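Written below as structure tokens is the structure these notes are about.
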Amino acid sequence: MKILKLPKDKLDYFASVVQQFGEVHAPVEQDGKYVFKRLTRWSEARLAYDRTILPPKKYFLPPKEPLLVYRPGEGYVAPAGDVQHRLVLFGVHACDVYALNILDLVFAGKYPDPYYQARRKNIAIIGIDCVPDGKCFCRSMRADFVDHGFDLFFCDIGGHYLTFVGSALGDDMVLATETLFETVSPADIDEYKRRSGAKHEAFQLDVEIRDLPEIFEMEYGSAIWDDLGAQCLSCGSCSAVCPTCYCFDMNDEAVLGSRAGTRSRNWDSCLFSTHALVAGGENFRESRSSRIKFRFYHKQRGFVAEYGRPSCVGCGRCITACPVDIDIVEVLAALRETRHAATH
Amino acid sequence: MSKPRAGIFGLTGCAGDQLVILNCEDELLDLVSLLDMRDFLMAASDNDTACDLDIALVEGAVFSRRDKERLERIRQRSAMLVAIGSCAVWGGVSAAERNGGLAGLLDETYGTQGRDYDATEAYALHQVVKVDLKITGCPIEKHEFVAAVASLLNGDPPVYPQYPVCTECKMRESNCLLIEKSIPCCGPLTVAGCGARCPALRIPCIGCRGPAADANAESARQMLAAKGVPEHDIRQRLRTFAPTGGSA
Amino acid sequence: MTRTVRIDHLARVEGHGGVTVELDGNDVRSVRFDIFEGARLLEGLVKGRTYQDVSSVLSRICAICSVAHAVTSLKATESAFGVEVSPQTRVLRDLLFLGESIESHALHLFLLALPDYLKYPSAIAMAADHREAVQLGLRLKKLGNAIQETVGGRAVHPVNAVPGGFGRAPDTEQLIELRRGLLQAVTDAETTIGIFAGLPSAEFRRTDTAFAALRAPSEYGYYDGDEIEFLTSGETAAYPCSRYREFTNERAVAHSHAKHSMHKGRPYMVGALARLSLNAGKLSGRATRAVHLLGLELPSCNPMDNNKAQAVELVSDVERTLGIVESLLDADIADETPVPVVPRAGTGTAVTEAPRGLLIHSYTYDEEGRIVTADVITPTALNAASVEAHLRAAALGAAPDGDEALSRAMEMIVRAYDPCISCSVHLIRRA
Amino acid sequence: MLLHTDTAPPLQPAANPYQPYMARIVRIQKMLDDTRVFTLRFLDESMVRSFRHRPGQFVMLSIPGTGEAPISISSSPTRPEILELCVRRAGRMTSSLFRLSTNDVVGVRGPYGNGFPVDDIRGNHLLLAAGGLGMAPLRSLLWYALDNRHLFDGVILMYGSRSPADMLFRDEMLSLAGRDDVNCMLTVDADPSGAWTGRIGHLPSLFDHVTLEPARTYAAVCGPPVVYRYVLERLLAAGFSKDRILMSLERRMKCGIGKCGHCSVGYKYTCLQGPIFTYWDAINLPEMI
């Protein structure tokens, strides 16, 4: 991988050059929290942020998105839409890039999703490293570092950002700024290693994911799920903010006075009582406890079977977004806990 | 296909849902050309008050014998009866805490004369007649109303979200008032469809659309109590717009 | 020979009301403006509720005046707690009232009243021949709604106005968007004057009329002010709103859920015509020209002139709104949060001008900020006695022309008052 | 340096798996009061020729302006050019479909799902056990087997319905009774009409009348939950290995292509790894049955 470094005081200039590659969006502050937003000025960007309310998922799988337009005589046609719109997301954390790599698995496969794919092509990602806080456990989920899925990735090494060039587009960005980037010295590499080690030590949360799938199978009937079901409000916040939750619903809305209409997809959640409901009223996950169990099960067990790793990246968003303090780290710890005296 | 015969009626309420219909300025002329509007007292004076109707849209709740009789009459003449607005769907604001205390409230308000007034306990429409479709909201949302008419003209019931406001609040990426500021917000219990308008304005959801499917009121109550909201206020808040919600 | 002419259920008005006229030959025995809206008892129901919930519950008294109810309620609550809101909040509240006034007047003039003059049963029927006029009305209405949405967060039952201010002030982009609509509305309002100036006049027998309106501090406004001014046969009188009971004198009457108000034993009219009659001097040049174009002589004892008065207010409202939007844009609107509200025991009374006239909210709170008593007096309730006086006069005039003409006269007069019947259902404990 | 512009071509319909192709309803046959068979033919002749499916697969059927839902293909791939869908009126989309007439157009995309593992079944006996509407997905396999009769050893059809009037494709089924290349066993729970000359009794009772060779047989089962319960019992008692029992399962579905998450059970997607599962899969997936 091509690795360079950028003097920190040149970041502003670099950002101004990057505009030619698309509309720049970055975290900005909103009443004490952060959101990815279109910048009107570079000074609005907050690159030292904890986590955004919504992950970058919102750009690739928008909460509500028209998929097809139907007109009598013409059939179903994809709307002109904005999938080709070029954006640059500036300041994406490693876990969020990792989460996109996970979504890539889902939206590729036998039936690649053209809307997602087009956006993935047209939205550039400039990653940035971060300092874990009390809700982060990406280290445990092996998502504290990413080696692909971005165009550029910046790591703070004091006076410079060590810059990983992850794509041809990223290389173009570097080349467009000509002399800004410098070559990396052995001292820079040492500094990177020191900081990376310090970051590794800085995590306050730890989850052991070894044999979690097996534990999930064994604890399928655990009373934990009943307790969680009694607590959970089925509000859907956790899945909305989760960078790897992708369930969606598809609905048609007719144009007044016509059969013409728009078929759109909207975020859905496995926590909703309608998620597994079928015609005639049968509901495969009627109880709230079966639904919250499913969310955890699918992330930590089902996804592993399907794609070889859990779909959680440890970003901590669901912990911050749950009104009744349901905490994935605590749930996983409780599942692992031994509660019975040894029999022999 | 002949145009469906339609009527729009108001029982006791604030007329907000009928006003929302009149507020569909961009669609109004289309709406009235697609429907054969036979009976719409708030907007027309040449109403046919007897004809059979394909669709009756009824706003307001039942608060008097007169309301009850009108509603029953509307039901008789209509193939499909649509409850519009939280009063019609849930009883609405004026139904809260009314039942049981009616005599006292009347006395207090009108003095002894109040006893002669035609006032009854409050009922949501479905408690009196069969309701075919419910469009909730205080008032209803324009886009949900227009979508309902568009669907019904094609013979389909409209599809509305059943999940709570929190999900729409997240879709808008608003800050969470409940979590960040401990402000009692009814978002987790209230059915979405409003686009989480209030939290986007930094104002807590007051539940004007009534409960979401499978709302977990007990857990919400415990959560609010833990944040120090007095039980009395929690109870009132959660029941402001949907006093019939729990039992119906 | 005695007979009864009855309009069972008034059409094209908000809420449920009727008119009953008892005649003996051409002599009018009695005239009753009946209100049979179901009793909603909202003032009773807010008892014990915290101040945070009061405005949103009481705005549900009436959708068409929901801004007026919501904001007047806040004004009363803030007055009880001694809360001073920011100047920007006052301006935004004014704007919110203007939006409601534009929406309400456009709705009434084009969709409810105009069909009367042009002899159509509804605006729907009228649209077939007068599509442009209906579209113009809808455009103005939509603008009024856009203002309410921008400032209040929603057109019906605003959500953004809260104790102490607004949840979130509109941003510059929203204001620029409003300005675009307002520039079109200036022309539309002028056209409205043309339309109403060209209508056949509607004349019924008159009766000497008294008026009451909010004394606005300087401009022709609906929100600011604490005094109520009366104009009775050329004489004026003013009262601070805290003394509103002296002229509300509510009496429950058997045929109606609304109560009747008198000032010194006389009914009085509130609403657009009353405001113009008392505040004509505060109108802008453009609005004053509209008064002349419409041939409106002020004060006017013809209740039908209330329609013209609303048309004048449309001109004035659009102009004032544009002025406010521009000044907010010039001054860079601030992202304010509401001023802190600390409850205390006490009473607060507020008065404002709803589109249909004076609106009074008065509350007593306990020290925790819970309602002890709430009293809401609405324009349609204030107008009820005046409506009956005008109906009686017109009935006397129209009786010889037959029952149909009489009914039509009754309907047109009631409609000219633009009554809002759900509003008028006023329920209060009399001390 | 590369130029990045906004001029990339719009999404190509062919590359869009959400894109339904329009098809005409060429025939509607009433089966039961709430069940009809819709015969569809694509408007586009190249689609007519290129559309190929396996028995047990399904399509996503769109009613313009209303919505979309998964429906099994009831016709056999051996009888191409048309698609037969046997649909029960259950909710919004299906009710809308029932209001359509011949010549109306609908949208179809697919085929989706794994279908029956016909290559594995080849050379074995095939037992089809259908209850009620369960005939809809099995009919495709039935005709596939009959039209490729040489590929299979014995073919046994067991079909049970509530009454003779509730039997789907009744004439077709009765006509099979006379054939000697298939053991067609039909039964009804009851016969209010009195005109039924065949067996009366529940579907599982048919097992009393056959000798099976479990080690060389694949059983394909489809029907309401009771059918699964008792038929599975019989099959296991007969000594069927759990991976020789095939069943078609239903889950809520929105996309049909493994994206929307609704049909996920445990760690499988009904639309991709299903809807045909072995009984072994089924008991190993939580919530599956």
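Worth a mention:
We call the chains A, B, C and D, going by the order they appear; numbering starts again at 1 in every chain.
Just so it is clear, contacts are C-beta pairs under 8 Å (C-beta built on N, C-alpha and C of every residue); 3 or more make two chains touch, one makes a residue touch a chain.
On a predicted model such as this, the values are computed, not experimentally measured, just so you know.
The two chains most heavily joined by C-beta contacts are B-C. Centrality by Cα centroid goes to chain B.
Rounded to whole angstrom, the centroid-to-centroid distance between chain B and chain D, based on C-alpha atoms, equals 43 Å.
Per-chain Cα centroids separate chain B from chain C by 25 Å. Taking each chain's centre as the average of its CA atoms, chain A and chain B sit 37 Å apart. For chain B, the set of residues that touch two or more other chains comprises 154, 156, 159, 202. Looking at chain A, one finds that residues 251, 254-255, 258-259, 261 touch two or more other chains.
Residues of chain D found to touch two or more other chains are 65-67. Chain pairs that touch, as defined above: A-B, A-D, B-C, B-D.
Those residues of chain A that touch chain B in the complex are listed here as 30-33, 35, 53-54, 58, 63-64, 230-237, 240-241, 251, 253-259, 261, 266-267, 269, 272-274, 288, 320-321, 323-324. Residue ranges of chain D in contact with chain B, taken from their complex: 65-67, 92, 95-96, 99.
Put simply, chain B touches chain D in their complex at residues 154-157, 159. Only residues 20-22, 67-68, 70, 72, 75-78, 80-81, 83-86, 106-107, 109-115, 118, 122, 168-169, 172, 175-176, 220, 246-252, 254-255, 258-261, 263, 265, 268, 270, 275-280, 284-285, 290, 294, 297-298, 301-306 of chain A touch chain D when the two sit together in their complex. By the touch rule above, chain B contacts chain C in their complex via residues 10-20, 22-23, 25-26, 28-29, 32, 37, 40-47, 60, 62-64, 66-67, 92-94, 96-98, 102, 105-106, 108-111, 113-114, 116-119, 138-139, 197-198, 200-203, 206, 208, 232-233, 236-237, 240.
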